[in-house]
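Below are structures written as structure tokens.
Presented sequentially are two complexes of chain A, the first with chain B as partner and the second with chain C.
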Partner chain A sequence: MDTANVQDNPELLEMHLDYDGGNTLREAVRWSKFLSIVGIAGIGLLLAVGLIATPYVLNGYGQLTPDSEGIIDVLLIALALYFGALIAAAILLLRFSRLTKKGMDHEDQHIFNRGLKSLRITFMILGILSCLSLLGLLFSLIYPM
Partner chain B sequence: MADTTQNSLFELSIDHESVGYLTETARWSKFLAIVGFVTCGLIAIFSFFAGSFLANSPVLAAYPAAEVQTMSTIGGAFLTVLYLIIAVVYFFPCLYLYRYSVRMKEALNTNDQVKLNQSLKNQKMLFRYVGIVTIIAVSLEAMALIIFGVAAMLVTPR
Partner chain C sequence: MDNQEQVEPVSDLDNFFHLSFDAISRDQLKQIAMWAKICSITGLLGYLIQLYEWLFGHSRLASNFGGGILGIVFNLLFIGGGGVINYFLYRFAAAVSRGVQNTDALHVNHGFNSLRLYFRTAGILAIIIICILFIGFLVGFLGALANS
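Take a look at the complex of A and B:
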């Protein structure tokens, strides 16, 4: 077990990407590429269907009051931003997989670090969206429409 | 070309820049995992009230009381099982994500190569699990679309 003492060694960190970690990361990168492509395609399809269906759905509700129209506009904008953020997260996940694989293939520390940076931003976006989703779910349970 | 020695296949290391990124990733993924656990719990709790929600649904209001009772019992049981399955399926990626974040934080704090590898292993399991569930979900949706499409064509009068 590599438990190098920080005080004994001049370098702060002695961890590296070894055989075990590297193969594990390769497989993670492969799956994350698949997930990001499916995510981008799925969300794009949802947005396209939503854009086409929205006028028909709104017509189905009949004549709306000015207040209701305002709320629906806000909801539509919120949904568009939500799905936009999801697509951004999926693109960043794709970036993580491409840059990390490239970094490992060429043993380029800088490219590898850029991959990790993309993964950090992906989790940050997903964390914020999860929080908003949970708040929205609790709000809809307390104040059902 | 990569070094093919047993100990170090790659020349890549965890330097200061990557430590910063990994530390923040671990923090956000721990938060995501905890939010995921809470959501799982809410889904599981909600599943037990599915029957009563269904009984009070305006959709069933047009039916006689006896039929509503039967439909809400069967429908409620089905929804309870369905939501419990969803909660269980959603639990495991949250667990892998939590383990990834905890082990990564420990690895970065103690400079432990083994914990780093364990963390990466949990990350791999997370992506693999979500990938497999995605494949199954997309396949089921495609099958459902085909079945409903064929059924609609058969039902449509000529």
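Take a look at the complex of A and C:
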């Protein structure tokens, strides 16, 4: 029999991960793993350099007024939060690649769904950060320094 | 019955991994597509603004990368690469949201191809940036050694 009734077999209406889709997802997972590792290492390195260099840079400006000290503190906290969010996104991307690969290898729907959840949170963080970056870019365009 | 919907049976290749997009994963995919669309549109807008600044304004980006041919190459790499990445991300988001809306696995699976291209292009760009940084560091280090 070539066709079947949906009422008899409701699972026929389900969407499945087919052979091509699975293989492309596998490759996507490989590259996302590479990207996440590079991202964690790169942002970590940048944070370390920033932490070491900040006191020297601040000394270079000489004595700061209390007002400017407050602004610099706020800017440093904002930068630390930005990079912290980026590291969190990179860790979640690594989690996505690990869980999705495991879910596909073990044919485990639950693990596969957890991998998708990690990708969702990664894109959520990146979406919020890119909105903030766009706002910053527009601000710098309107009020150039 | 005449009004009963007839569908093709699921072949082995269609369900090769024995994984389906159930209600939970469909909901996740829907939200992934929404956030990926936000990322790609804001990213594309950002790169368009930077392109405008580079071509017609006093771009902070252009002054960071320096002038001359090297500056043009870096700008093209940064803006062009970023634009291409965000285009792939938009294609992924559009295909997945269409697939989830129409309950069509083919679109979702095509979307994964765009996700693969997105991650691959971003990975290749990351390798190029790491190589450039390494060469710059090496040149700076050798220059400092020669001066001392």
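FYI, the second predicted complex is superposed on the first by the 130 of 145 C-alpha atoms of A that agree within 3 Å, B and C clash if a C-alpha of one lies under 4 Å from a C-alpha of the other, contacts with A are read in each partner's own complex, and residues count from 1 in each chain.
In the analysis below, a residue touches a chain if its C-beta (ideal position, glycine included) is under 8 Å from a C-beta of that chain, and two chains touch if they have at least 3 such contacts.
In this text, all values refer to a predicted model and were calculated from it rather than measured experimentally.
Per the definitions stated earlier, placing chain B and chain C onto a shared chain A by superposition produces a clash between them.
In the overlay built on the shared chain, the residue A:Ser140 is in contact with chain C alone; chain B does not reach it. Once the two complexes are overlaid on the shared chain, A:Ser32 sits against chain B and chain C alike. Once both structures are placed on chain A, chain A residues 2-4, 6, 12-22, 24-25, 27-28, 31-32, 34-35, 38, 103-104, 107, 109, 112-113, 116-117, 119-120, 123-124, 126-127, 130-131, 133-134, 137 are touched by chain B and, in the other complex, by chain C.
Chain B meets chain A in the complex at residues 2, 6-19, 21-22, 24-25, 28-29, 31-32, 35-36, 38-39, 42, 107, 110-114, 116-117, 120-121, 123-124, 126-128, 130-131, 134, 138. Chain A makes touch with chain C in their complex at residues 2-7, 11-22, 24-25, 27-28, 31-32, 34-35, 38, 103-104, 107, 109, 112-113, 116-117, 119-120, 123-124, 126-127, 130-131, 133-134, 137-138, 140-141, 144. Residues 4-10, 13-22, 24-26, 28-29, 31-32, 35-36, 38-39, 42-43, 45-46, 49-50, 53, 58, 60, 99, 103-106, 108-110, 112-113, 115-116, 118-120, 122-123, 126, 130 of chain C touch chain A in their complex. Interface residues of chain A, counted against chain B in their complex, comprise 1-4, 6, 12-25, 27-28, 31-32, 34-35, 38, 103-104, 107, 109, 112-113, 116-117, 119-120, 123-124, 126-127, 130-131, 133-134, 137.
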